[in-house]
Amino acid sequence: MLELLIALPFVLALAVALSANASRRTSAVLAGLVPLIGLGLLAAMAGDVFDGEILRASYSWIPEAGLDFSLRVDGLAWTFALLVLGIGGLVVLYGHYYLSAKDSPRRFFTYLLLFMGAMLGMVIAGNLLLLAVFWELTSISSFLLIGFWSHRQDARQGARMALTITGMGGLALLGGVLLIGRIVGSYDLDVVLASGDLIRASHLYPWALALVLLGIFTKSAQFPFHFWLPHAMAAPTPVSAYLHSATMVKAGVFLLARLHPALAGTDLFFYVVTSVGATTLLVGAWFAIFQHDLKGLLAYSTISHLGLITLLFGLSTEMAVVAGLFHILNHATFKASLFMAAGIIDHECGTRDMRRLGNLRRYMPMTSVLAIVASLAMAGIPLLNGFLSKEMFFAEALEIGGHGTMRIIISIAALLAGIFGIAYSLRFVHDTFFGNGPRALDVVPHEPPRWMRIPVGVLAILCVVVGMVPALTIGPMLRTMVGGTLGPAAPEFSLSVWHGLNLPLMMSVASLVFGVALYFGLRRLLDFHAVITRSIGRNVFHVNVEALFALARRFTARVANGSLQRSLFLMIVVGVVLAGAPMLGGTWSLLAGLGPSQPLSAVGWGLWALLLAATIGTVLVHRKRLTALIVIGAVGLAVSLVFVYLSAPDLALTQLLVEMVTIALMMMALNYLPKESKVSRRRLHKLRDVGLAVVAGGGLAVLAYAMMLSPADTISSELLVRALPEAYGRNVVNVTLVDFRGFDTFGEIAVFGVAALVVHALLRWARLRPDEVIPGPPAQLPIAADLTQLLFPLALTVSIYLFLRGHNAPGGGFIAGLVFAVPVLVKYVLQGARAVEATFGFDYIRGIAIGLLLAVLGGVGSWWFGLPYMTSGHLDLELPLIGMLPLASALVFDTGVYVVVFAGTLLMLSTMGTVKHRQAREEAR
Amino acid sequence: MIDIAIVAGMHLVGLAMVLALWRLLRGPTAPDRILALDTLYISAIAQLILFGMLLDTEVYFEAALIIAMLGFVGTVVLSKYVIRRDIVE
Amino acid sequence: MNHLPVLPVLVPLVTGAILLLLERRHRSSVLRLWAWVGMAALLAVAVSLVVQVQRQDMLVYLLGDWPARLGITLMVDRLSALMVLTTTLLAIPCLLYACAGWDKRALHFHALFQMQLAGLNGAFLTGDLFNLFVFFEVMLIASYGLLLSGARGARIKAGMHYVVFNIAASVVFLLALGLLYGMLGTLNMTEMAARIAVAPPERTLLIQAGAGLLLLVFCAKAALLPLYLWLPEAYARAPAAVAALFTVMTKVGLYAVLRVFTLMFGENAGPLANLAWDWLLPAGAATIVLAALGVIGAPRLRIGVAYLVLLSAGTLFVAFSLANAGAISAGLYYLAHSVFVSAALFLLADIIQRHRGCNGDYLMPIASMPNKTLPAALFLIAAVSIAGLPPLSGFVGKLQLLNAVPEAQMGWIWTVILGSSLMTIIGLSRSGTRLFWRVDTAPVDMPPPPLRRSEIAATVLLLAYGIAMTLFAGPVLRYTDAAAAQLLDVDTYIQVLRDTAPLIREPSP
Amino acid sequence: MEFAIATAIGVLAGSGLYLMLRARTFDVILGLTLLSYATNLMIFAAGRPVVGKPPVLRDGVAHTLANYSDPLPQALVLTAIVIAFAMTAVAVVVAMREHADLHTDHVDGEEPDEEQRGGMR
Amino acid sequence: MSTVVELVVVALLVIGCFFTLLGGIAMVKLSDFFRRLHGPAKSSTLGVGCILIASIVYHWVNGSGVHPRELLITVFLFLTAPISAHLMSRAALSLMDDRPPHPDRTPDPDGATVDRDDPAPPEH
Amino acid sequence: MKRRMLPSIPQSLTVFAFWLLMAQEVSPASIAMALLLAWLMPLLAARLEREFAQLGRLGGGVRLTGRLLFDIVLANITVARQVLGPESRLQSQFVWVPLDLTNIHGISALASICTLTPGTVSAELSEDRRWLLLHCLSVRDPDALVIQIKTRYETPLREIFP
């Protein structure tokens, strides 16, 4: 049953949302089904609940987080559910008539049902986390509802403000709930409610309390977070009637009631909640007097009443809780009807401004009567429900025990609030229904459709009935509610209209007298209608939010200023810090205890000098780009010689070849780039960069030095031992590349091939303008072209040799592939791209693909033998006449490498060589 | 005696490389630098062969061959750039 | 022999090669068909991997049948399998979105896309540090292509930054690898872990320097403060489907941090134990703060989303730096969630951009947004989810994370995490109201482009992942819990790796 | 010898870093090239380089590290060289496109303010 | 190893190194690009050629077998050196302001001078 | 047919010898490989070349080679003297050599020879291929030089490359 209850609104919300072509009526009927069926379910539960039983249903959802989908209905939850569904039903009815033809009922009812579901879930959640989940859902769905008229600036702003404030509260609440869960060890509501002492004794209690209260105060629009509520009045009136009287804002006080056994009962709780409640009570009531907008007045009045309820829960005595709960019900009744009445007036008059309204009792007598009844209930006039709870409030204020000063302050606050309450209620009644007739309206006001009036009527009648015979009407329900809230501690109480002539009654009388006096006094003294009160809170909020946006914008732009140099600079700094951190203990400790170093011959030092001179030379000439490329060629050569000198011929070969292709690419690029770098004027930057470069380079040198002189303990000896017998190769570097670490090479050729594709993709459709066009036809280099004729087949032969022998001598697929590509490059340079491509006719892209597939194939072969990918096989093929032909499966893989490298290199070169030129004329266009 | 000759030769060739480096850094024109780089490559071959003789190994043959090839390619590419700026027309 | 561990690399690679072969001769429908065949195969592989690691804890695959420390080992634990599955699931909607038309406009798109997947999967599966580098590069080079193919103007500039920054990071990676190999003499991560555990004290300084450089690289790729400056532009400029796929790229850095600094520099590492976390925790928190400011200050929706990616990275750094099983588990959950949802936001931003004509996804100008109901609803779901609001996946992730924060650090970490949620709410509510709630009566010169069905489907699919993660949060969290527990149990890794013998070769002595 | 290698690494890296921090695409690419030389030497140094012991196995000589230099770092450097080349190629082409599309070879795609202002004056 | 062979090797080495060095000296000492070009274009080539032959002889006699492969490098060098020199001169010529006048285009009696810089159409 | 299967006999021969030299062994396997390459490589090269050099009488070639080697050695010494001596004594200048050779392969060979023999570097070929520009390190009588080159090298070359 509980499951059905919670599923109902969401399922129907979906139904409404998806009923694209449904009539307005269908949407409303679908929406109306929720409260209708829901109330039926509640009725079915009523028996058990009124007997004090707690209904439960629980499903495991995220046990790891302690978040179960558990539902729990006790008296408090049941009553709130009744409120949510009851008033919800009336609002659906009212809303159906309220919405204009332009408004989409589908959207409206979807949002409304979502909200209803969230609210319902919140009140019947049996797990604190689940409660927090639904709590946030109410924030989100109310955001949508407040912003329903999204074309209006105030609606958008109001919605965002509400979401920001209540969203913040929701997050705080989540934190508070988590803290409670930490203290108690469970989020189960039964457990939490039973662990009040444990919670209050915990050192985390103040934090938990603060966070939970933050959630509560924001939601219930308590001072200083109250300001969002008046701005939420941009919502359509049915929404205000629902959210801001009975449900959304009541979520806060509901939680205050719900967690009362767990959190209340400390001085901290008393002082904080009471004073916030009292402040809100007064601030709300005072500002309500000065509103010109009907809904604005009601909003501030709501704030004030919420303050009152909060104050009551802050007092924490059992009777105060009773009074608080009672007032929740009463306020919901009269405020919902008042909002609806305000909506009717707005609907029929086209304005809610009290300065233009007046004397409406002549035009809409029925509505006027109902509204006046409800406002009198709001004012706390006897024989109406508002009076009863206000009397209880006065009584409790006077009976605060143990806090002397507080008692006086609260009593005075109560009296003042009573006075203000009379004053704004009076204003509502007087300025709208009495006095001089409406001014400058576009329409003649008249009664609304009957069905729009009925919800108001129902609620107004409730006010009267409860106000006259409370014990019979509301008594049992209130008792159940109190029982659900306080559990076994629930007090006995009696509800009656007449308590005798006591101090609270005197206060009521006094507030009535002074309130009337205040209203008319203010009318006389001040020009009421000219007073424009500005919401300080709103301004503060706006200033802050705007400041936040501006700050964020400026700060982000300042930090992420789009400078690559900054990114790189920071990276180097971080690198220096992270790698340098261990050196803080002293560079010398790093260098202490190192082994002996090897001597270096004069030739070695010469090489060293060559390398360093060329490197520094590159830096010095870097602005002249051609020169820099030539000099960096010397660096490459020097590095290769270092590799040769230090026993790495394969490296030298690769380095040389790659260097050459790189230079060729850069030369090609240089045709489309400026010949020189512009001078940067930032000398300071340059100095800073030099400093950083010196530090980083020096640090790296120290690390390298220390590393080389530390004892080595490598697995490579095993590679050397196993290379020949198990991988059938003598060149252990090549064996490593195609066998031990073949997967690296596999990835490497993928990188290579993809790089070529990227180059192709970037330049294929692009048109570039050369930096300088040298006039004349393409240069003819007949002698050079002719002499290279012989070089090409020879280089090819070398390539094949390097490829076949690579497993045993320096060489291998990669090197061979490049050796194949380089003479073709020469052909490109000497004969021109068009001539080469006209005859050469390779599809380099397919070459890359085929090479990659070959490489995969070379590895997959071992699967036939049930061995892992890339396990090398070996076969000595006995051929007639020719003799033994040793074949290793790695050869297939290496062929893939060969093909990819050749095709990739040539794809790059030919793409760059055949860039389409853009003429200056095209540029101008 | 041969070993001494080899080592001495390495020093001489090294000296040649230093001279080429000087021209490389000094310029003044691009062809000068290209020439210097070409010379560096050729001297490097000599150096490599001498080194192979010193260690009595032929493992540096491939490297020498490739250097010979690439010195040429580099010169072709760089010269073509100076002549036309567009090295592949 | 179970070849499953190597398939997540081989399947996309072969698919990519086949697509390249077909490219010139065949129409795009043929290419798409093959791409989808590859995706389907990859999905099957990824799912079976997850199933197998649950049954078997860890799969070790000795490439070339060489003993673990000699060759390259693929090591599939729950974390790896999760990452592969996440990537695959993400790739499906991205491909779907691209097939709406972008794939025809970007040369080699399909091949590059598959290569990107191969790179990502390789990085997640390898147990070898250098091989990790190689697959990082595969992934990066493909990402350059995806970012730049069909690019012009500002995107090229963003690409320039992205490329150069990543090359610099790769250089640092290599330096670190050099140092670590020099000191430890092996590249197998597990073997390295074992050697670090017993490293003599005089060597720890150099190892620590290497570790610091590694940390720098991973943080640069994961976009941690102050190394994140490259990210917003690159992600905001990338084509939508690519940006969506890129959401997992920062996660590779995070994955690497988690892998390396739990396995190699985790509890067992002697004086180097838990080296990274003290640095990462405050940096992660600061990243969150700056990213949140970025979300708020973003002039365009896509930049805002890029900052959201950053924000999730910061959150994950915080989660992982707490280095307890609960936080890591929460982080893994959050990781998958944030990948899906921020990808969805990128796709949405693109849809919005196209429908608002010349105003694009700029938040300031008022422009009509026709056909907005569905995008708006999707945006709402995504925003709620990414902000960590209940009840969607972001909430579950953050909840678990908050739960896992030890009490000593609770105050400020909670403040940061919850505060970032609030900032996200503020930022996204503004974006949403500006994009969807402004006047829709502005004159429309041209009929708006229709919402393409596959684009919407891609977005919905991504959000559906998130919703599924919420509904089945229990099982998912059980998986991530197990993954986190496994991750922290370094001894088992060492044991398993040493116990895995080659099939026919002699084991290492 | 170790000192020479270490200083070479340091100078290459420092020069590379300095050039990498320049504002022009071409300079940055030059810097990256130098930097990759430094890293290659660094990885290579991890194998404790020796003179004249290439890891090409010969008969009659024990296959141990005493007779051959460490092959593994050499293989790593090979891979690193190739990858660096691929990356450089892409960077070069991106630089070309940036210059073509944005009419500047500044890495940030626009001339900095100071120089613009300087030009206006 | 016989002394004669040893002497031959040493002689080859000395000649080779001398000419290699000569190439370097020419490059540093001479003042004009075209003069400098002469050194490396042939001296260095010859020098390296000598050293290569020395190497062949050395390895041959030293017992590690005949390595005539070095001959390939020599051939290679002698094939490519002229092309390199030719291209470099073309490059230098293209930078020169006062290029040697073309014999066919020297001022003829009619006084019609044709400058080489004129974009004359290619002849074929 | 012959052109298609074996585009250039000289190239094939060169490749054949080249492979055997590199492989450093004369076994059936390496000969087979050399034959294979000798056939394949020119085929592949043919995809890039417009025309292959066709040789005429080779008898002159041997003589020319011998003369060339001698000249190279001899004149290197001259250059050494010139380089090491005072630079002021050098009389460098450009010399245009009129060509009778029309075969481009012959011209190329001549240019190479001029570069390799000391004292001269071939700098440029005129566009009509009728003049070769030489740079001379030190020359007193350019006309004599021209005559010497034409008789000593060009004439035999015209026999080889008809």
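Order as written gives the chain letters A, B, C, D, E and F; numbering starts at 1 within each chain.
As a convention for this text, a residue touches a chain if its C-beta (ideal position, glycine included) is under 8 Å from a C-beta of that chain, and two chains touch if they have at least 3 such contacts.
Which protein is which chain? UniProt says A = Monovalent cation/H+ antiporter subunit A; B = K+/H+ antiporter subunit F; C = Monovalent cation/H+ antiporter subunit D; D = Na+/H+ antiporter subunit C; E = Na+/H+ antiporter subunit G; F = Na+/H+ antiporter subunit E.
Please read these numbers as outputs of a predicted model, since none were measured by experiment.
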item: Chain at maximum distance from chain F, centres defined as averaged CA atoms; value: A
item: Pair sharing more residue contacts (C-beta pairs) when A-F is set against A-E; value: A-F
item: Inter-chain centre distance, chain D versus chain F - centres from mean C-alpha coordinates, in Å; value: 40
item: Chain C and chain F, separation of their C-alpha mean positions in angstrom; value: 61
item: Chain centre separation in whole Å, for chain D relative to chain C (CA means); value: 28
item: Shared interface positions of chain E, touching two or more other chains; value: 18, 25, 37, 39, 45, 67, 69, 72, 76, 79-83, 86-87, 89-90, 92, 122
item: Numbers and ranges of chain B residues touching at least 2 other chains; value: 17-18, 30, 34, 36, 57, 59, 65, 69, 72, 76, 78, 80, 82-83
item: Chain C residues counted as touching two or more neighbouring chains; value: 130, 134, 137, 141, 144, 148, 151, 160-161, 164, 168, 175, 178-179, 181-182
item: Chains that touch, pairwise; value: A-B, A-C, A-D, A-E, A-F, B-D, B-E, C-D, E-F
item: Complex contacts: residues of chain F adjacent to chain A; value: 11, 14-15, 18-19, 22-23, 27-29, 32, 37, 41-42, 44-45, 47-50, 52-53, 104-105, 107-108, 111-112, 122, 125, 127, 129
item: Chain A partner contacts - residues on chain D that touch it in the complex; value: 1-15, 17-30, 33-34, 37-38, 40-42, 44-58, 63-65, 68-72, 74-79, 81-90, 92-97, 99-100, 105, 107-108, 114-115, 118
item: Chain B to chain A touching residues, read off their complex; value: 7, 10-11, 14, 17-18, 21, 24-25, 27, 30, 33-34, 36-37, 40-41, 44, 47-48, 51, 59-60, 62-63, 65-67, 69-70, 72-74, 76-78, 80-89
item: Chain A residues touching chain E - in the complex, by the definition given at the top; value: 775-777, 779-781, 783-784, 787-788, 790-791, 794
item: Chain D contact footprint on chain C (complex, rising order); value: 130, 134, 137, 140-141, 144, 148, 151-154, 156-157, 159-161, 163-164, 166-168, 170-171, 174-175, 177-179, 181-182, 187
